[in-house]
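Across the two complexes that follow, subunit A remains constant while its partner is subunit B and subsequently subunit C.
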Partner chain A sequence: MLKLLVVDDEEEICDFLRIFFEERNFKVSTALSGEEALRKVEVEQPDVCLLDIKMPGLDGIQVLKEVKRRYPKIKVIMVTAIETTEKIEEAVRIGADNYITKPLSLEYLEKDVHQKISDVA
Partner chain B sequence: MINYPEALKNAAKSMVRFKNPDNLLRMIVRFIAKEIGLTHASILVFDTVRQRYTFIDSRGESKLPVHLIRIDSDHPLILSFMGKGKKPHLYKDALLLSHLEKFVESKESSRGIKIKKVFDSMKSIKASVCVPSFYQGELLGVLILGEKKDRDDFTHEELSFFHTLASDAAMTIKNTEFQSQLIDRNRQLEEKLAEIKRLRKKEQETYFQIMLSLAREVREKDDSTFGHLEAVEKLGLMTAEELGIDLSGKKRDILIAGLRLHDVGKIGIPDSILKKEDKLTPEEWLIMKQHVDKGVKILEPLTDFKDVVEIVRCHHEFYNGKGYPRGLKGSEIPIESSIVSVVDAFHAMISTRCYKKGFSLEYALGELNANSGEQFHPKVVEAFISALKKNMYGYYKSRISEERQIQHEEKPNTI
Partner chain C sequence: MLYLRKRKIALKKGLMLLALFFLSVAILQIKTICFSFLPIKSSVNHAADVGIVILVCLITYKPIEQFVNYLFREFFFKKGIGFHTQLIHSTNHLVSCLDLKEFSNFLVNTLSDLLHVKYVAFLIYDQKQKEFVPGALAGFNFRETRKIRFEKDSPLINKLRESSFPVLRFDVLKRVSWPEASRFNTDFELLRAQVVIPVFYGEEVIGFITLSSKPSHLPYLPHELKLLHDFSGRISFGLENAIRFNEMKQRYEELKDFQSRLVHSNKFSAIEQLATGIAHEIHNPLTIISGKAQMLLLNRDKNFLTAKAEEDLKMIVQQTTRAAEITRKLLVFSKSSPEQKAPLSFREIIDDTFELISYQTSIDHVRIIKEISPNLPAIKGHVEEFREVFLNLILNAVQSVERDGVIKVLVDYSERDQSIEIKVEDSGCGIKKEHLSSVFDPFFTTKQNSLGLGLFVTQRVVQRNGGYITIESEAYKGTEVTILLPVPETNEKQPIFSTPVFDEKVSYQGAYIDQNQSKEE
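This part shows the complex of A and B:
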């Protein structure tokens, strides 16, 4: 079973994406903060991480740095409402595998997650 | 039990009240979620700028994260409402999950695959019913409803209630959208007009500046008197103030322009006539007099300065009607032109030119008085002399006595 970690400070978003991907046969865990995300990454070792950028505390960019440093094989897709190019450029430079801006198309998100996983194989 | 007709009436009343359709849509969603007892009620609205559907609001215990999801225009859910002909997958024009289920089983056909996609996407947004909001064939929004908390099927009455709400909502959306488009278009037009106005004003101002430098050139060429225009302006303003003429706003600028530009037409007079030291022949005089019409022609494009053109046109008219070009008299002549006439004559008389020395102050004032009521407007002469005595008599007295040694007997030209 493919493992997915959803990181977003909005619980509603975490829950929604958890159900969405569980129904598509993923094992999903969620994290409401950057700190929680780093703990979950260590425990769960997900295949893909959906990472919000704007969060209080450790933000998505910092989490991305840490994840890519420790587990370069984990695919990270940034999910962000910040459409400012600097943030996205920074994320891509650090090693984000893709980025999707909110509001997103669920079909596109699903496709992208599958694609990133097949990139691994 | 809900009284649907009553609820509709109330909703209709509210619609009139809401200026912002978003507020109305939120009210509808809240009303449905609460009163009908749904797991959630949400509304998708077409974003005309980005050409896609986004959620305006979602209510209920399993509400959707409205900022997270969008539905593109080519999404199966949207497409399922589009196109002509019969749509057997719809139930009373709406998407009903329980109705779609029947089609999903036969998923061999290409239509079956499409319907499976619609089915899946409805499930992913936890929708049991999707009611379209059409307005004249345009899908402006979709009401997306979860299941009833008591898990009952929706009744016919409920479905038609949703339809009425959805189409009323569409009408409201369209109305406000249409109005805001109108407002937008008006604003754009206004901005364009303002821009044209601004450019035109700038153009006029540039033209005006060119005129001023032309006038200066003419003066320098004409009698090499430095500061003549500045002096004429100063004396003219002084006289106008003494006369108690209204100089508020643009009026002051108009008078200044008249004082400075009255002889701008001399640019079109040959140097041989303009600079002639001997008396002009009658033929040369005719040409010289044309400087008035030439000045008018030069200034006419300045539509913002119509009054200036009038001042220039009349600056050689005589109070007694014996001036040119039209022989106007008395009050037919703009008072500003009469001022130009007096101060220009005065300054010409006292100025020392390359070929003559200036007259004395007493002589110049004597000439003005002598011609008062004939060439010059008597009130203007009176006001000019009184203003001069108040403000600048001493200045001119000493300046002229410095410049002047010989007093000419000859009558001055005051062109």
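This part shows the complex of A and C:
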């Protein structure tokens, strides 16, 4: 079973993404902050991580750095509310595998997650 | 000036030639006389004569030139007739000169040209720095010029105030006590001055001129001082004017600078911050709404959705995307566009805009009239920004007109204003009087599903391009928006607007308007 970690400071967003991906046979865990995300990454060792950029405390960019440093194999898709080019460029430079803007198109997101996983295989 | 100097040079050259000629003749004469006493038979040897003349000329050229120069300087300065007229002539120009820099340069150049003194300094009282600072200097090197500054109550200035007449260096030094003399001496030395001429306006010293010693190193004579004093009296009014004008110019620049900083930094970044905040805060709820609706749709079989419910859910997803677009747009417009400006084609932009909203004008018969002058002067701008401007204005018009309404877009060159004039008129519902003053405010709207940013953003784009926008409207009659965009001066000579050839394109595309929505700008 494929493992997915959803990180967003909005609980509702985490919830519906968890339901959506569980219905598609993923093992989903969620984190509401950057700090929690780093703990979950260590415990769960997910295949793919959906990572919100703007969060109080550790933000998505900092979490991305840590995740890519410790577990370069984990695929990370950044989720942004607004696509400022500098932020996206920074994320890509650090090693983000893709980015998607809010509001999310679930169909597109599902396709992208599958593609990132097939890239590994 | 030039004319007078040339005449002087010609005169000098003539005098020298004359002197050399007489000298040569005299020498040849002496030679002949000498030979006639000698018992040798002298053969007339022209070549030898020429040789002697050349030799004499070469030896005596420099001393004679120096002598002629000396004569000239003393003559001009002493008799003072030519010099006097020239000085008076220069004051005429100075009195009418308003630019302080030009005034100073002209004054210093004139004096150093006429008097042939090596160092000339002209200092002006600076209200802001509360000291006398150089207006223009001649002869000084850069390092020296930086030190030349005098406080309002320094001994030298007090001396000038007291005497109200040109002050001579040796005169001052011999009249004061020894420690004071050394202080004065430092000031005089700094300016290399032999004479200091104050310029008064009323009771106040507003500037002074200093001259180093005359080329002859002779002292300045009383009649020369009188002449310089008259000169300073004549220019005082002009100097005062130039100083005032300069102050006004500086104030104006400061005000302009302050204003532009106020507009740009303050309001600008506040709007930008606001826009970023809104985008973040709004996109999260939108994500949840859209996400839940998408999930309902994806599980439509399990959820037993009716066809109507399915349609509505699709609408929800679409509308959230639209809302997100609005905040993105807001963010884009709150930032200064980094991309390069390009020549604008208003025809293209307007055609594209009507194309874009043609689906909205598919039910109501809206008559669209476009009158775009074919010979507009080229102006540059960000195409995307102007697309937004026309989209906002035309959408407002479409939303306000009823069935069979008329929308008119005019673009023309206004020679009087040196501007491109853009008008968007409609025969729609108009704007209520009490709303007219608020239409440009951010987030002002009378429509249900509008953020109220259209005209705000439009105004910002117009202002950023140096233009202005006005809006006239009468309830139930229609609205007319006018934009004036200045044409840069460099474009003036390019072909502008010759014969007005208007292209009238009338289309009967219906306008799709949500009937529930309030129809106001």
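Details
The criterion applied here is as follows: the second predicted complex is superposed on the first by the 121 of 121 C-alpha atoms of A that agree within 3 Å, B and C clash if a C-alpha of one lies under 4 Å from a C-alpha of the other, contacts with A are read in each partner's own complex, and residues count from 1 in each chain.
We adopt the following convention: a contact is a pair of C-beta atoms (placed from the backbone, for glycine too) under 8 Å apart; a residue touches a chain by one contact, two chains touch by 3 or more.
Everything numeric here is computed off the predicted structure, so don't read it as measured data.
For the composite obtained by overlaying on subunit A, subunit B and subunit C cannot both be accommodated without a clash.
Of the two partner chains, both subunit B and subunit C are touched by A:Glu10. Of the two partner chains, subunit B and subunit C are each touched by A:Ala81. Of the two partner chains placed by the overlay, neither subunit B nor subunit C lies in contact with A:Ile117. By the touch criterion defined above, A:Ile94 lies against neither subunit B nor subunit C after alignment on the C-alpha atoms of chain A. Put simply, more of the residues of subunit A are touched by C, taking subunit B and subunit C as the two choices.
When the two complexes are overlaid on their common chain A, residue A:Leu2 makes contact with neither subunit B nor subunit C.
Of the two partner chains, subunit C is the only one that A:Lys54 touches; subunit B does not reach it. Of the two partner chains, neither subunit B nor subunit C is touched by A:Leu38.
After superposition on chain A, the subunit B segment that clashes with subunit C is 114-122; the remaining candidates among 6-14, 114-122, 150-158 or 258-266 show no clashing C-alpha atoms. Once the two complexes are overlaid on chain A, the subunit A residues touched by subunit B in the first and by subunit C in the second are 10, 12-13, 16-17, 20, 23, 81, 102-107.
Contacts from subunit C toward subunit A in the complex involve residues 276, 279-280, 283-284, 286-292, 294-295, 298-299, 320-321, 324, 327-328, 331. Subunit B meets subunit A in the complex at residues 54-55, 63-72, 75, 121, 123-125. By the touch criterion stated above, subunit A contacts subunit C in their complex at residues 10, 12-13, 16-17, 19-20, 23, 54, 81-82, 101-107. Across the complex, subunit A meets subunit B through its residues 10, 12-13, 16-17, 20, 23, 81, 102-107.
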